[in-house]
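In the two complexes that follow, chain A is the common piece, with chain B as its partner first and chain C second.
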Partner chain A sequence: MSKRIDVHHVTRVEGHGNIVVEVANSQLKECRFDVVETPRFFEAMLLGRPYTEASHITSRICGICATGHATTSLRASEKALGIEPSQQTVLLRKLSFHGEILDSHILHVYMLVAPDFLGVGSVIPLASSHPEVVLRALRMKKLSGDMCAIVTGRHTHPIAMTVGGFTHFPKRAELESLRQRLEAARADVDATVELFASLPWPQFERDTEYISLTKPDEYAFIDGEIKSSDGMKLPIESYREVTNEYMVPHSTAKFTRFQRESYMVGALARFNNNYDQLHPRAKAAAAALGMKPKVTNTYLNSGAQVVEITHCIEDAILIVDQLLEKGVTPEEPVAPTRQSGEGVGSCDVPRGILFHHYWIGEDGNITGANCIIPTNQNIANLEADMRVLVPQIMDKPVDGMRLDLEMMVRAYDPCISCSVHVAKLVTK
Partner chain B sequence: MIGIGNPLQCDDGLGACAAQLLAEEALPAGVQIEELGTPGWGLVNFLQGWQRVILIDAVCMGEEPGTWRRLEKDEIQLVASDQVRSLHEPGLAESLSLAQTLGLLPDEIVLYGVEPACIQPGDKLSPAVRQAMPPLIKHILGELWKKTQTPNGSF
Partner chain C sequence: MSQNHKPKIAFFDFTSCEGCQLTVVDSLQDHPELLEVVDIVQFREAMTEKGEDYLVAFVEGSCTRQSDEERLKQIRQQAAIVVALGTCAHLGGVNALKSLHPLQDVRQYVYGEKADWYETYDARPIDAVIPVDFAIPGCPIDRTEFINSVKALLLGKKPPIPDYPLCVECKLKENACLFTLNKVCLGPVTRAGCGAICPTYGQSCEACRGFITDPNDSSMRNVLAEHGMSVEEITSIYTMFTAYQVREKLMQAEKATGG
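Right, the complex of A and B next:
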């Protein structure tokens, strides 16, 4: 038996990637995920620019994770210049970060993953067959976008976040209204958990190394330490010891590896590493989805995203309560305590752990920058998953194999960058 | 009134340009101007709750660059692909089609389509499209004020 699967540009992911799988005489001959995006040179764009512009430039790396990039960028500059943001700043950043996690996860699980399970090609036929599902997704998307806008001035590409603080502050009435909407969203969250708990998740098990941020006192999204599920914690400044980037001929993205041949980042890694710190309602959602750490079914990365949707709604309510109790007072951004320096910022953005590393010169301009995004870190692990998956499904018809492989790619929620195309299948 | 399009793609930015020009004019009460860029599915949420929505976007109609047409709901062909492959992909047709399927389209929807001369990286409108802007804005303002002055006006 010989089969070749050549999915040129996998659909319902962000950016260009190709699946190439070849089976000859029931032996796996070839198994690759080609990343064919052009390099984007954001690090080079930062060179010579004032550090105050860095968060606005790097937020454009992604139209979905804009707040994640901006927050990571601000933390890198703040560490370089010895700035400790106020407690109010920390709370406001967490709130907008939750908004972005919600927005990204809702889009992924509803618009990109659900169509696979509900037997439709995309969200447009889904709107005919399951209108209530799409209406719910749009309602939740609006809430999460408004959450970002209230705090950072707009839905995407935050304008009010700056090094050391904020330039705009939410009004009390906005926070009160947001709190009401978050409480009302619990019904949509419950319906989301119910829907995804009812889906027939593909069976697949492969233990790997899970890497995420971790903090002693909360489910980590911003700052903390790097944690490996294989038992190691490192300061984020040691990120290069974890990422160990290397090049392969078939990909324009750099691959990474730490203690094994590959590692996984993202919602499932956070879930596995930091489960204890999830909100009780999120743990209940995990139970409904049949998930308890350590989960080694990669497809359930999307399940972990549903768990995090629950967590972020509940945690956002707690944050808004704190802000309402203390009252939000306009304050000047904290000033630098030194004029130059080097700093690493790290956040666990929707798709996994992200690093920005900056060097800032005496004139306040950036002299060096390094950004390592989550999707790069996942590609070696995706290929390792595909090498285990293919022998398990090689007796299926080619269409079935292709769907399983595409769903595996989508489970990682890869953000390869912008674009599209057609699936091509070659059998022989 | 919603201006659509990417101002970093030359004439695709005409929707944004029109929104900015309209925002400088005196407008009837109850009119809101939005410059949405490339909103993807987000457009659907902006359409909800309004009686009437006027969209301005670059539309390839096979006309001379700078030519504009006023299209009513039933004249806008909602040609949407069943296979929306990425969150970066959904455009005006896909978002309007989704809104229509979900019953979220406003009662009245009008699209002012302007024929672009160039859609490529750049932050300037082509001369033909730039020259088309003042008469287009004047026409839209006329429509807005006329609507609000009629007893049965929609606003």
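Right, the complex of A and C next:
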């Protein structure tokens, strides 16, 4: 039995990637996920530019996780220059960050993943066959985008975030109206959990190393320490010990590995590492989805996203309550305590742990930059999953195999244009 | 036209963050009726179906390698109307920042000794490769302007893109001028249409929509200098999204003076 699957530009993912699988005489001959995105060179673009521009430039790495890149960039500059943002800044950043996690996860589970289960090629036919599902998704997505917009002006690309604080502040009435909408969204969240709990998730188990941020007092998205599910914690400044970037001739991405051959980042990694800190309603959602750590079915990364949707709606309500209680006061951004320095920022953005590392010179210009993107960190793990999956499905017709493999790629929610380093290998 | 007489439209992406296509998806939140008047035949980021017969092509992203030129030419051959969607396609955008450094340095900085594995050249707007009929500016595009542009195209008209400076919209919003708040701004030379969203949220306009047809550049640079910006800082803010245009202008000036 010989089969070849060659999916040129996998659809319903962000960016350009190809699946190449070849089975000859029932033996797996070739199994690759090629990233064919054009090289972006963001780190080099930052060189010689004022650090104040860095978050504006790097948010343009990705339209989906623009707020995540901007927040990580600001944290890198703030650490380099010895800036401690105010508690109000921390809360406002968390609120817009939750907005982005929600926006990205809702887009992924409803518009990119759900069509596979409902046997259609996109969300568009669902508008007539399942209008209530599509309207719910659009309603939830609008709420998430508005949540970002109240704080930063817009989700893609955030405006009011700056080194040391904000340049615009939400009004009380905006926060009150947001709170009402968040509470009203609980019905949509419940319906979302119910829908995704009813889907026939493909069976697939492969234990791997899960890496995320972690914090002692909350489910970590911004700052904290690096945690491995294999038992190790490291300060984010030691990120290079974890990521160990390397290049391989057959593929196009810089790969990463830590204590095993590959590791996974993203919602499932956060779920596995920080489950205890989820909101009780999010834990209930996990129970409804049949998920309890450690979950080793990669397809359930989308399930972990549904759990995080529940968590972020609930946590956003708590954040808005704190902001309303204290009142939001316009304040000047905190000034640097030194002129130059080196700093690492890290956030767990929708697709996983992200690092920005900057060196800032005496003149305030960036003299060095390194960004390590979640999707890069996942590609080696995706290929390892594919190598286990293919022998399990090789008796299926080619179309069925192709769909299973595409669904596996989509489960990672890859954000390929994000992958700053990732580039096409020009084969000789 | 489709059998149902709806015009067929397609979306394509080159080097970009795909944020403009996401803005298109977001604009459907408020305007789902758009799907009733057009047939989207290709939109890789959102759908698997792929049709090669389309009337209007919306292209996001810059061209940053020779091998992408062929794909752009195919799109041009098929589409009656090609629209550059957002700053990367329209102006080159942030992608062109890398052109401010020698290309080989940029490649080595990111990819080290493996730099030659990766094909790249100076980032350029798509009209540097193929003729473009219209552009919807902005990084990212503005939802309302996108919807209004599609409406205009469906009626056989030009998209209504303003050619006056951002200050007009900022004044209409009754924003305090950033120059009076000890900040700087490129609003006086930048094309309006975004509702002056950055100054409204307390940040400088960085000219992501490009310059108006006849900007008073020298006055703008003088004003920035009067507000304490060094030549390097002025060059920096002037090139964030328009490095390609600034570089082209310099090269033309050099040619004119025989330099």
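As a convention for this text, the second predicted complex is superposed on the first by the 416 of 428 C-alpha atoms of A that agree within 3 Å, B and C clash if a C-alpha of one lies under 4 Å from a C-alpha of the other, contacts with A are read in each partner's own complex, and residues count from 1 in each chain.
FYI, a contact is a pair of C-beta atoms (placed from the backbone, for glycine too) under 8 Å apart; a residue touches a chain by one contact, two chains touch by 3 or more.
Predicted model, so just to flag it, every value in this text is computed and none were measured.
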Clash-or-fit label for the pair chain B, chain C on chain A: clash
Which of chain B and chain C A:145 touches, first, second, both or neither: both
First, second, both or neither for A:323, with chain B first and chain C second: neither
Which of chain B and chain C A:111 touches, first, second, both or neither: both
Chain B versus chain C as contact partner of A:64, first or second or both or neither: both
Chain B versus chain C as contact partner of A:127, first or second or both or neither: both
Which partner reaches more residues of chain A (counting touched residues only), chain B or chain C: C
Which superposed partner A:101 touches (first chain B, second chain C, both, neither): neither
Partner chain in contact with A:195 - chain B first, chain C second, else both or neither: neither
Chain B versus chain C as contact partner of A:153, first or second or both or neither: second
Clashing chain C stretch [against chain B; choices 25-33, 115-123 or 223-231]: 25-33
Residues of chain A that lie at the interface with chain B and also at the interface with chain C: 11-15, 63-64, 107, 111-112, 121-124, 127, 138, 141-142, 145, 418, 420-421
Of all residues in chain B, those that touch chain A in their complex: 41-42, 44-45, 80-89, 94, 97-98, 101-103
Residue numbers on chain C that touch chain A, as the complex places them: 13-23, 25-26, 28-30, 32, 35, 40, 43-50, 64-65, 68, 93-95, 97-98, 100-101, 105-107, 109-111, 114, 116-120, 139-140, 197-198, 200-203, 206, 233, 236-237, 240
Residues of chain A that touch chain C when the two form their complex: 9, 11-16, 38-41, 43-45, 47-50, 53, 56-57, 60-64, 66, 107, 111-112, 115, 121-124, 127, 138, 141-142, 145, 152-154, 156-157, 159-160, 162, 166-168, 247, 417-418, 420-421, 423-426
Complex contacts: residues of chain A adjacent to chain B: 11-15, 63-64, 107, 111-112, 121-125, 127-128, 131, 134-135, 138, 141-142, 145, 155, 418-421
